[in-house]
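See below for the structure under consideration.
Read from first to last, the chains carry the letters A, B, C and D; within each, the first residue is number 1.
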Amino acid sequence: MDKKVKVGIVGASGYSGEELVRLLLSHPHVELAAVTSRQYAGQSLAQVFPKFGHHPQARNIRFTEPNVSLLAKNAQVIFLALPHGVSAEFAVPLLQQGCQIIDLSADFRLKSAAVYKEFYAHDHPAPDLLATSVYGLPEVYRSAIKNALLVASPGCYPTSILLPTLPLLRAGLIKPAGIIADSLSGVSGAGRKVEQDYLFVECNESVRPYSVPKHRHLSEIEQELSLAAGAPVIIQFTPHLIPVNRGILSTLYFTPAIHFANATEAAALNDKITACYQAAYANEPFVRLLDAKTLPDTKNVIGTNVIEIAWRLDTRTGRLIVMSAEDNIVKGASGQAVQSMNIMCGFPETAGLI
Amino acid sequence: MDKKVKVGIVGASGYSGEELVRLLLSHPHVELAAVTSRQYAGQSLAQVFPKFGHHPQARNIRFTEPNVSLLAKNAQVIFLALPHGVSAEFAVPLLQQGCQIIDLSADFRLKSAAVYKEFYAHDHPAPDLLATSVYGLPEVYRSAIKNALLVASPGCYPTSILLPTLPLLRAGLIKPAGIIADSLSGVSGAGRKVEQDYLFVECNESVRPYSVPKHRHLSEIEQELSLAAGAPVIIQFTPHLIPVNRGILSTLYFTPAIHFANATEAAALNDKITACYQAAYANEPFVRLLDAKTLPDTKNVIGTNVIEIAWRLDTRTGRLIVMSAEDNIVKGASGQAVQSMNIMCGFPETAGLI
Amino acid sequence: MDKKVKVGIVGASGYSGEELVRLLLSHPHVELAAVTSRQYAGQSLAQVFPKFGHHPQARNIRFTEPNVSLLAKNAQVIFLALPHGVSAEFAVPLLQQGCQIIDLSADFRLKSAAVYKEFYAHDHPAPDLLATSVYGLPEVYRSAIKNALLVASPGCYPTSILLPTLPLLRAGLIKPAGIIADSLSGVSGAGRKVEQDYLFVECNESVRPYSVPKHRHLSEIEQELSLAAGAPVIIQFTPHLIPVNRGILSTLYFTPAIHFANATEAAALNDKITACYQAAYANEPFVRLLDAKTLPDTKNVIGTNVIEIAWRLDTRTGRLIVMSAEDNIVKGASGQAVQSMNIMCGFPETAGLI
Amino acid sequence: MDKKVKVGIVGASGYSGEELVRLLLSHPHVELAAVTSRQYAGQSLAQVFPKFGHHPQARNIRFTEPNVSLLAKNAQVIFLALPHGVSAEFAVPLLQQGCQIIDLSADFRLKSAAVYKEFYAHDHPAPDLLATSVYGLPEVYRSAIKNALLVASPGCYPTSILLPTLPLLRAGLIKPAGIIADSLSGVSGAGRKVEQDYLFVECNESVRPYSVPKHRHLSEIEQELSLAAGAPVIIQFTPHLIPVNRGILSTLYFTPAIHFANATEAAALNDKITACYQAAYANEPFVRLLDAKTLPDTKNVIGTNVIEIAWRLDTRTGRLIVMSAEDNIVKGASGQAVQSMNIMCGFPETAGLI
């Protein structure tokens, strides 16, 4: 026990926070040393989340009020599972006191305070930190995460879109213009927000688009695509709410950079795409490249840190269709944050995640 | 009662057939005179579908074996709710015996027997009828339906895509090239097929694309779009299965034919689009054009013959996004078929549907 | 139009109110003359409930602030779809101004103000009216409803329990002691309450009992059972929340008053029970007695005013098991209220309900 | 690796078999050495169950035809996840070849071949084994399981009913007569059976009782209750199907053996009941006794081997209500089977389960 790294969670009462609790309680190399929640201060994890009640530690660990000094004293690595704008209030002093921070909010994902303001409608609370924070997509920024003090863990939609797109864009296999991402998310994506729109009766037997055409996650998606393309990329993104608890399915429409006029040329291009994905992800423990007979299904990734990816060239339209499936709360949030922690702390990257 | 038109349903045991029963039992101007089903012959409607049990007629009407002469004797209008390929076997002799036919299968939707063979993988069983059948989309072919002997009622996906697209295409407001339709369907869309893929546990908490990239419904969608554009149109279409009983949500991506460079020009174009939709649908009883604050939601159309349509210009990408919602079994199948019947028989078009 | 009865709905924004709107908009003998909602005053029905948008009146009728004088002026029959305690505030002055009232709250269901206080934890707001209000269960109190000025429409659970139990109790076929009612309700039963417990993610893939062992609905259930038995009846009642939008399934455990020792005696008793139910309900348009092969299923009653009832004698235990299924918002609330209105106004009892 | 116990699964393609695969792939002390399935022979685990694809072994392990000699050669412990009647065909020869068997079917749960025939409608295929098989409820038969060669893992409903009932019955706190168990099960309880009743559209938005009044699981429930009571016990049991993938909620109605006339006596009895449960389960890793404010909820046990239990005395009726929640596929099937294996093999009992 003495060699375990002490970790804390600020804002542990939402869905991402709860999932962090689940993952960290079972993690072989960490000790969950602090969980905070204004709402639940004083209560044990087992009281607030009965489902963890059979875990011995869940009966001993109690929620506390969020207190920076106490957190810094008790934990080396701090996860912030807070609303955007609020995260920065904790990140700044905790960094000063020597903690390593993994932030699940949007506060440190963008490199530009101006873009932040455009999409989040208020001034960035700590613009100086934007230069040093690392975007926590391990498959892309593994080495930077290794030495990071502040990791900005990606959003759920961005993860489902960036992982399938970045290798193709970097390899020049698709055109950066005209990309469309059509995404379907389970209701936990809205957080534990007590609003009429997310009541059972309002979501069950309902499917609906929302935030059309300018969802906030576009800011980080386009930032990362632009970095990969070496030029500004603007995409079309349409999120939809579907009646499942967990899961994001993204269907992506690309124009291949290489024209193909017949089945032979299509097969050749398909080989290039396959090779590109294999080069990028064959050794990634959490990316599952599907074969030509299989399409993604969120039920195959629920509860895991895996993202599934499949692709099809359409010889009729000349387009490339790529589809991905992930658990929005795991690979799209808390699992990916733990993956970053594993890298930062020198643990095996899959520790506590498989 | 004596003035009511006698109607029959062949293949009344699937979801479309069952919905036809529901609509026709309550229809003020028809008498449900015959329902056939090999599986249920001899049983009453109330026995097979307990939910209709409180309707007096449901206890009296019994399923019979499908028999062409008997059907022709007992009913003037026949609905065929049969698999493709099988419908034609009934349509041909029933037409010869003077019945009017409304076919819910794909057998008579295509004008070209060659395209039928390409998409349905067998020779067309009655190619001579393709020239006379009318595609049963009342908002487009009302006058032809009025005099039709054979109406081919459209597929569920095609209805959700064609109604939002055709007015824009005819008005020249969108480019015919590069159209993308991303559609989400409830599980009843698969019919009452007893296959593992459609078991509750396999569908619940699951979202998945299928038939990528060449779904059969493309054939009728592209036929109708090409007719409207006056030139061949090829589109991208990706269907997804989502865990709801009923409902299709289609998100359509168009390139406007008119370029817009700023907010003013966008507003002008938006006005044109709005005017186009108003001209096409303001008086249509089953098309609901949503305002600029509202997006479609399948829960608002379930159980009704209504299709909801909303549109948004994206000044960032230059694209037009149009979204529609319908009940796949009503406007996407049986409700639309009854709407055609109302037109053919000279009933008020909304009879039995509002 | 001029001969239609004018009706109003106070508190039309909850699920029961919304369902009243649906039923009354299509009702052949009434005009929906007033709908009130503090939250939505000024907006049209079509704006608040897009799903009614295709109904011409829904675009014309606007929510108003609840105003007693205005209501009394505009409508003859007023439905109160308000929380308990609030209903009485409207019922008293509306009655004084000559309106007929159908109250969907619990305010006037109990004959005893003391029992009301025991179960609802506050003094009854208008105890004088308890003597004149009629419990709106048409199958039991049809003639009283006919002349009532104030109908207290029953709760959803009580309806599902009373209709199967009362005939047996009155006929002396079951013992009044030891009755157990185990009930399962869809989430709409909680109303459109914006609380964490009713969020999609908290209800989906969840089943749970609640209010054990003393739910408020016990008060009216036991009042009516006691009246039927001619002696005080106390029952066991356990409600459960299940992830469906609509529907209540109640499973009732009775001890037959007549002992049966073998299959022959069981068959004889079963005949008596069947005869009892037939006598009570064979001519009731909204009670469906199932045959010996069929069990209730909420999906067969959703959207209808029907309650399904089935019964099985268990020769192993000597018990009688009776099961019922209803739509909690229709037969369990708004449909039953409209049924009462039909009786009060002299309309055919099924008007607007089949 | 060399010290791991080799295990096999016969019939690994159903829901219980699939869950065994999940648990055994991650189990620290076993090697999954053989999985059989006639349907999938030749395919890898990763091909048949894409969701296990990120587990390295899942790509290497292939389904084989079920072959007794091969199984006996490759594995020491064999799980049988087969239909009743078929299990015995494998159990007999595998035992002869020296394997330890954990059978998830009903074949060896009953001590009486006559009762088996009464409930399963065919002669018992291997009655000689009934005397030696051990009912695999670890909380009750731990020491017998330790030395068992043949463990009959309990059914899902029986587990949810026996664990809450047995301690009370043994302690004489409840009367053995008149027990009622009202249970709600997710659809996976029906297995991966491809039947119309279990299609998504038939189960979603549906709740229904079934097998009333004599479900097969009564046989093992009553056998175990009778053993605990020292006299024959007959209970009332009503299963219901609800639209969730996993989970059983059982609500049990008992008559306390000790009469209580007022709140003080009730509190005293409640203390006795609490003490009884504490004595039975306080140290059980998989039984969660809830406090007086909390009721069971299947969502708190899904995916775990935990059963939740809560109890309430009803001073109005004199009854004791006990409620339990479990995951029907884990504690109700595969998790409990692994728990038995841990005991048989001398592993920590929670290995691979927490």
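Remarks
Assume a contact is a pair of C-beta atoms (placed from the backbone, for glycine too) under 8 Å apart; a residue touches a chain by one contact, two chains touch by 3 or more.
None of these values were measured; they are calculated from a predicted model.
Common neighbours of chain A and chain D, listed by label, are B, C.
For the pair chain B and chain C, the distance between C-alpha centroids works out to 37 Å. Here the CA centre of chain A is 46 Å from the CA centre of chain C.
Distance from the chain A centre to the chain B centre is 39 Å, each centre being the mean of its Cα atoms.
Multi-chain contact residues, meaning those touching two or more other chains, occur in chain D at positions 202, 204-205, 243-245, 297, 299. Judged by the touch criterion defined above, the protein chains are all mutually in contact, each touching every other. Residue ranges of chain D in contact with chain C, taken from their complex: 180, 182, 184, 202, 204-210, 212-214, 234-236, 238, 240, 242-247, 249, 251, 253, 295-299, 302, 312-314, 316-317, 319, 321, 323, 325. Looking at the complex, you find that chain A touches chain C at residues 15, 186-188, 192, 194-196, 198-205, 243-245. For chain A in complex with chain D, the residues that touch the partner chain are 26, 49-51, 53-55, 205, 285-286, 288, 290, 294, 297, 299-301, 303-304, 306, 308, 354.
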